[in-house]
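You will see two complexes here that share chain A, one where it goes with chain B and one where it goes with chain C.
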Partner chain A sequence: MKKTAIYQRKRPDSPRWLNKWIQSLPWFFGFVLAVFGCLVIFVVNATTGRIHPGNAWGLGYGIGATVALVAVLLYTVRRRTMKLRPPGRAWTYLQVHVYGGGIFLLLMLMHTGFRIPSGIHTWWLWLISLWVVGSGVLGIVIQKWIPTVLSAGLAVEVHYDRVPELIEHIRTRSEKIVASADERLREFYESRVAPSLVAPEPRLMYFIDITGGIHARIKPFEYLRALLPASDQESLDELKELFNTKLEIDAHYTLQRVLRTWLILHVPISMVLVVLLFIHIFSVLYY
Partner chain B sequence: MAKGKQKRKGYFSDLRLPVVKEYIYPSARSSLLMIGGIGAFLVAVVFVFNLTVQSGSLVSNGPLSSNHASFGGECASCHTAFDRVSDAKCSVCHEKFGDELGAFTYSSHYLYRSGDFTRLVPSPDEVACFSCHPEHQGTSSSITQVPDATCTTCHEYGSFNSRHPEFAFASEKIEDPANLKFSHTQHVTEVINQEGLVDIEQSCLYCHHARDEGKSFKPISFETACSACHISTSVSTAWLPIASSSRRAGVQTIGSIQTRQAPGTRWADYMTSAEFQQRRDEVRKRPVYHRDPWILENLKRLQDELYRDRNDLAELLQASAGEDPRGARALYTEALATLEDYAEELRSAPGRDVQKALNELDELIRVVKARIRDPFSPMDETKFLLGPDDINPDLDAADIAELESVVDGLTETCQTCHTVQQSAILRVQKDQRVLIRSEFDHRVHIIQRGCLECHSSIPIREHVARDSVATAAIDHAGIQNLPTIETCQSCHAPAKAVNTCVSCHLFHPDKSQHTNLLRYFE
Partner chain C sequence: MESGSTTDHSVTMIKRKKLFEDRWSSFGSHAGLTGLSEMLSPAELREIDIFKEYDDSFLQTISPDVSIAQWKADVVLFEEGSFLDLAFYVLDGEVGVAIKMHEESLNAIPTFDAQRTVYASDPRSFQVPQEGVAATILQTRMTARETSKDPQITFLASMDFNLPLGSTIVLKKGDLFGEIGALNGWPQSATAHTTSACKLVQIRVPALREMKKASGAFKEKIDQIYRERTLFEQLKTSPVFRGSGDAFLESLTEKVELLSFSPGDVITKQGDRVDALYMVRSGFLKIFERLGEADVAVNYLSKGMTIGEVELLLPDIDTWLSSTTSVGYSELVRIERDTFHDIIREHPLVEKRLWDSAVAQMKESGFTRKNLDKSELIEFSLQKGLVQGNSILVIDLDVCTRCDDCVRGCADTHGGRPRFVREGDTFDHFLIARSCYHCDDPVCLVGCPTGAIGRAGVGEVVAIDDGLCIGCGTCATKCPYDAIVMHDTGDTWGDDALPERLRGRPQKVASKCDLCYTSDDGPACVNNCPHSCAFRIGSIQDFQSLLSTEKAEA
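Up next is the complex of A and B:
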């Protein structure tokens, strides 16, 4: 039976890549239309007037960028006020967050005339805006890519927060198996398996190949099989299965940790961006 | 897929790892907010400190241009809290020395090239200085390099290479008002032969003398450009009848002028009779100087006979009548200089009546000088012009012919180069500037192109090569020997030489430039 992704079930006639990367066609086309509209306005500006952040055109872009950023931030507010039952679906806020971020960046670049500002503050504001939107795009990419890779390449599904508990469970079961097993199996366990069962072991190799290294690390179990008596063959199989599961959990842990930690690149710096934007608006009004 | 590998809800694998019974809430991400909050707070503290205690350099939009770099961190030099940079702050320095004309306004922009004082009205297009001269663009930026888009908001010319109009002299076919009889090919050939020049273009510099800054050329004068070759000692006037009570159509001798002691004839005291030859009732003068005062004095008298009702002001012009391309003020200035000479001559006269008249004359000069200096006072140029129908009605045809014959004889030498019209030598346009709306820098162009590559309307090179003189039809002083805009556009184009508006045009009157609004104060 061929597995069908959830996103494919909504629009079965559309290509898989389209369904995977674009959740909502109306939102996407709305975004494309908005980008096109902004660029048309910019071209009109460039041909009929000056590109300058301080003139009416430039201020318009700046105000537009600020409005877009405020709309983008509403997603954060929505997430933090779940208990207050804010209006609208969280999904809608997320679309505004994603596409609004793109519009914000475009308007910000139009505001600066697609040039790097020469002031210290504006330079940082420009750079951090790029960083925040860039890290947001990175977040979208990894949230589309990692779950697909995990479900396609691994047999187990693990909740990130349960990883330590499950590893402990595997370690306990493994020790119970080897306690009554042959000496050679116990030695093998102590030297080759036990060190890996202490804690999750994230490995960069999993980013390149999700099954990378697992088969190679399982292979010694087969070498040992010839040396063990028939009574310990079942124990060896069970220990092998446990070790294999642990390695797959490591792969989950490695990739899911990126899903959790990319926000460090995005959220704190976004707060700095808001403060810098506030200072920018204040300084523009003051000076 | 093996049965053992198939996923079933509630199981991770065949190992049957424990399944949680309740919903797992993701771990709190308050640490992210904590990190972000601390970062944002520190950033805010740094900026507030910089704004309140330091110079506010962090919020500056960038380094000042080198023009204003000396202000450094003194934001208040230009900025006012919660207000835009006012023009008044710019004026503190830029109009320090009194700018009665408001040189940095749209009104003076309209006036600058047009010279039309009726355009001196408050303009709705008036914008703040910073609109065209944005600051904080970095030390290497030039705030005077205003982008074309600023100009084209009013001037719908697109760009220099799209809809820029042809130069006025070419589009309106305006002739050079030189009022001279002059052949370039003849003069260039003679200079080359005389000086043994190899390069034709070297001959240009024998008459066209560059100003010190090298951008443009000084007005051509007889003394600097012509006198080296045109020696006056060998020429004389025709034999001219001597005027008497019974003979109007004649000239006054030097002796009678000295006796008359009329205003503006002091020069006669320094002229000797040796310069004159006399036979019976005729006289001729040899040598003939350029602007020979005896000739001009007699010419003026003959004009009075022929054109009795002519404008008196024209008599105050030192040499010639007619329009002046620099405008009426140039004529008034010249007439005023004549009046001042008259006043100087009177100062040594002892009579009380003379001194009283002198005081009145001084007062008149003072008033006239003030009016000439005032750019807003109207100037009537026609007072210096000869009307077409103002010949003395008391004269019959024979008298007129006789007087005109004397004028012809008197100005025979002058007419070699000058045009005599209505018994007056037409004013010569000495100033070589034609492109009055733009600035042209010869210095930067001559490095890359020769004179005759652009000034090719008169076929000088071809005729000099054949040692021939071109016909007057293709070589006379009225030809504007200037390139049309097409020649300029061949180099000044996108991705080639600079083609911005401000590379040729100035918005504000520039005191250092030739077409200077403030020239009235010089």
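Up next is the complex of A and C:
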């Protein structure tokens, strides 16, 4: 009962972008140091001996890359074994995952002497390693970029899984509002609003400007305002508010879907990488 | 106390049976209570001394909250630490009141020490806060714990009875008890049991409040009881008066005035003549100033804090610099201006503390005046109840990837049922998740018929014992922040269920965040967030300093 609830505090003296991209300076400098160390070793290797995956240097790089990959995988293992209350914070595992992934790639490239391997199996291994690390980097970019866009540009916060339920709720409320409203408001609702209240509508537009599309789409409410009697102004406001919320939900849906789906590019192929690596190690040891 | 679907039914039933033999339950038939009146008419009520002075229409209004209960001899009415939303008035018979608090529980480390809830990049760097609300709360708690080391006297910040450990007093016809805890939302500090067959009038809090408001004599009576049973100990442990000597404090209890306020009541008005120093006994006050055309919240006060020292200490100031209103129901101690000056003349230590407090208040108000965001935060915190919280789950939406590992981690730690929802109000780019705030005065504890929800120890986390929960939903309805969720277990109550009316009905269970207090790793939500953007704040000062850090980013 003594642990503190920790927040990775932002450094007040650092620019916002730096805080965003590098949560922890010690981890970052540790990574830079490790990369530098690896490169120094490689230069020593290149100047004093031969660069070959099969010699002591090359095998050393290969073993290092494997160890790094195992460390990287611990994050996945931790996520899947939360019930067992694994030791340490998930954040630490993620640091190992991200920086370890970079080290893995570097050691793998050193193992192949920064050349494309000629064997079919090793060629695939090499390519998949690049893909996995590349998709990981893409994931980092997505995970840094999208939350900022969502929190800065939208007023509502939405739980992805509840999107259909929320839209249904908006539709029911909107229908209640227009049921007793002026004919023109009802027509407007039927033609301009109701079609959007059926399901979430992802749009590419939200990637370019999270708010721009929304403002343009609620403008017609203002054109209608002049045509409505005073008694229906409040209904119009309410309907406009609901529609605005729906559009914000769409924006959330569009971007949060990317936050979830990029993993398809990363996770299954990582599993293939592990299998291929295992086969590679086995074949090296066997033959 | 691990929740989940693994509750052992036989153990549950044994526990529940024992509980029902022991204590009063609003669910009716059990061993101790032999009769409960129907709604009483004004005429019937007026036959009882305590209601004599009220007119018919008033009695008609409060009658739904009043009942007469008949009790067997030797049954426990309530226990130390329990939260009640009613007071008892003895009509007939005798009630014994005793304090038998265990030493260990007094010395227990409160879960809400700041170390547990403060955010910091390095937990080892934690420092006990020296200023602000956090400091006051902490100091009050520390003092309470220090005082409790005295082997003879047990002490809790909320005392109904100031008794030596192990002794019993007997209450007879015409005595009122339980009202201090009920009115202030404090736990009862003593155990009450009937020593003979008893007839008791049970008055719920809404009726008590109305009665206090409507009758000066009743208010005077309640205040007198409070002075005798509680005030001395409260002053003794207040940040301003602690260590000031018993004789002085005893005389002070006679001089102060006790005041009660309803939501929105004005306590001080900017520009009016300063009449007194006010100290908060319970509830929250909002302090605001007129800036241009608008009223701007500059600060708030909670239990143990004072207002008026700035105006009373600074020469040449004769009027209130700010206005103060009561946020919800609040109870205050009023120390009249002349008494205040007598005190600081004779007690330099008290004067020094008041100066410290005045300087801190001026700094805080000055800061808010210049940083209107803070005013917004104060308004938001008072409105949303954050000021009550000891451990509020906050998510930085600028970083959160909506992966839900926090929720999954919570569910995996609690038998598959998450104890919070990743939804709620937002302030700036922070989401205040719908999770228990672990309030100072948890209203959810009031009214649980089986005592399933309670503090795990003195000053500790509020948790629900699944084995005792009958799924009535009282706690969930009471929680103002929707932090308690009722889960359907998928089962129905068996033939041996107690109370009997549950039998054959769908079995529900209440669940809420327990801060994973049985685990050494701290709250699972925080621990399992891979981006370190889910964290817990212990006070709005934490939140404020967090926001300032963000603003200060180069």
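FYI, the second predicted complex is superposed on the first by the 277 of 287 C-alpha atoms of A that agree within 3 Å, B and C clash if a C-alpha of one lies under 4 Å from a C-alpha of the other, contacts with A are read in each partner's own complex, and residues count from 1 in each chain.
Everything that follows uses one rule, which is that a contact is a pair of C-beta atoms (placed from the backbone, for glycine too) under 8 Å apart; a residue touches a chain by one contact, two chains touch by 3 or more.
Just so we're clear, the structure is a prediction, and the values are computed from it rather than from any experiment.
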{"item": "Which superposed partner A:Asn19 touches (first chain B, second chain C, both, neither)", "value": "second"}
{"item": "Which of chain B and chain C A:Glu157 touches, first, second, both or neither", "value": "both"}
{"item": "Touched partner set for A:Tyr286, first chain B, second chain C, both or neither", "value": "first"}
{"item": "Which superposed partner A:His169 touches (first chain B, second chain C, both, neither)", "value": "first"}
{"item": "Which of chain B and chain C A:Ile264 touches, first, second, both or neither", "value": "first"}
{"item": "Touching partner for A:Lys10 - first (chain B), second (chain C), both, neither", "value": "second"}
{"item": "Which superposed partner A:Val272 touches (first chain B, second chain C, both, neither)", "value": "first"}
{"item": "Which of chain B and chain C A:Phe207 touches, first, second, both or neither", "value": "neither"}
{"item": "Overlapping contact positions on chain A, where the chain C interface meets the chain B interface", "value": "157, 159, 162"}
{"item": "List of chain A residues in touch with chain C within their complex", "value": "1-16, 19-20, 23, 75, 79, 82-83, 85, 87, 89-91, 93-94, 143, 146-148, 150-152, 157, 159-160, 162, 256, 259"}
{"item": "Touching residues on chain A, where the partner in the complex is chain B", "value": "48-52, 54-55, 117-122, 155-159, 161-162, 166, 169-170, 173, 241-242, 245, 263-264, 267-272, 274-276, 279-280, 283, 285-287"}
{"item": "Of all residues in chain B, those that touch chain A in their complex", "value": "5, 7, 12-15, 17-18, 20, 24, 26-27, 29, 32-33, 35-37, 39-40, 43-44, 47, 51, 56-63, 75, 79, 81-82, 85, 130-131, 134, 136-138, 147, 149-150, 153"}
{"item": "Interfacial residue positions of chain C with respect to chain A in the complex", "value": "109, 111, 115-121, 123, 126, 391, 396-403, 405, 408-409, 412-413, 421-423, 426, 429, 431, 517, 519-524, 526-533, 535-536, 546, 548-550, 552-554"}
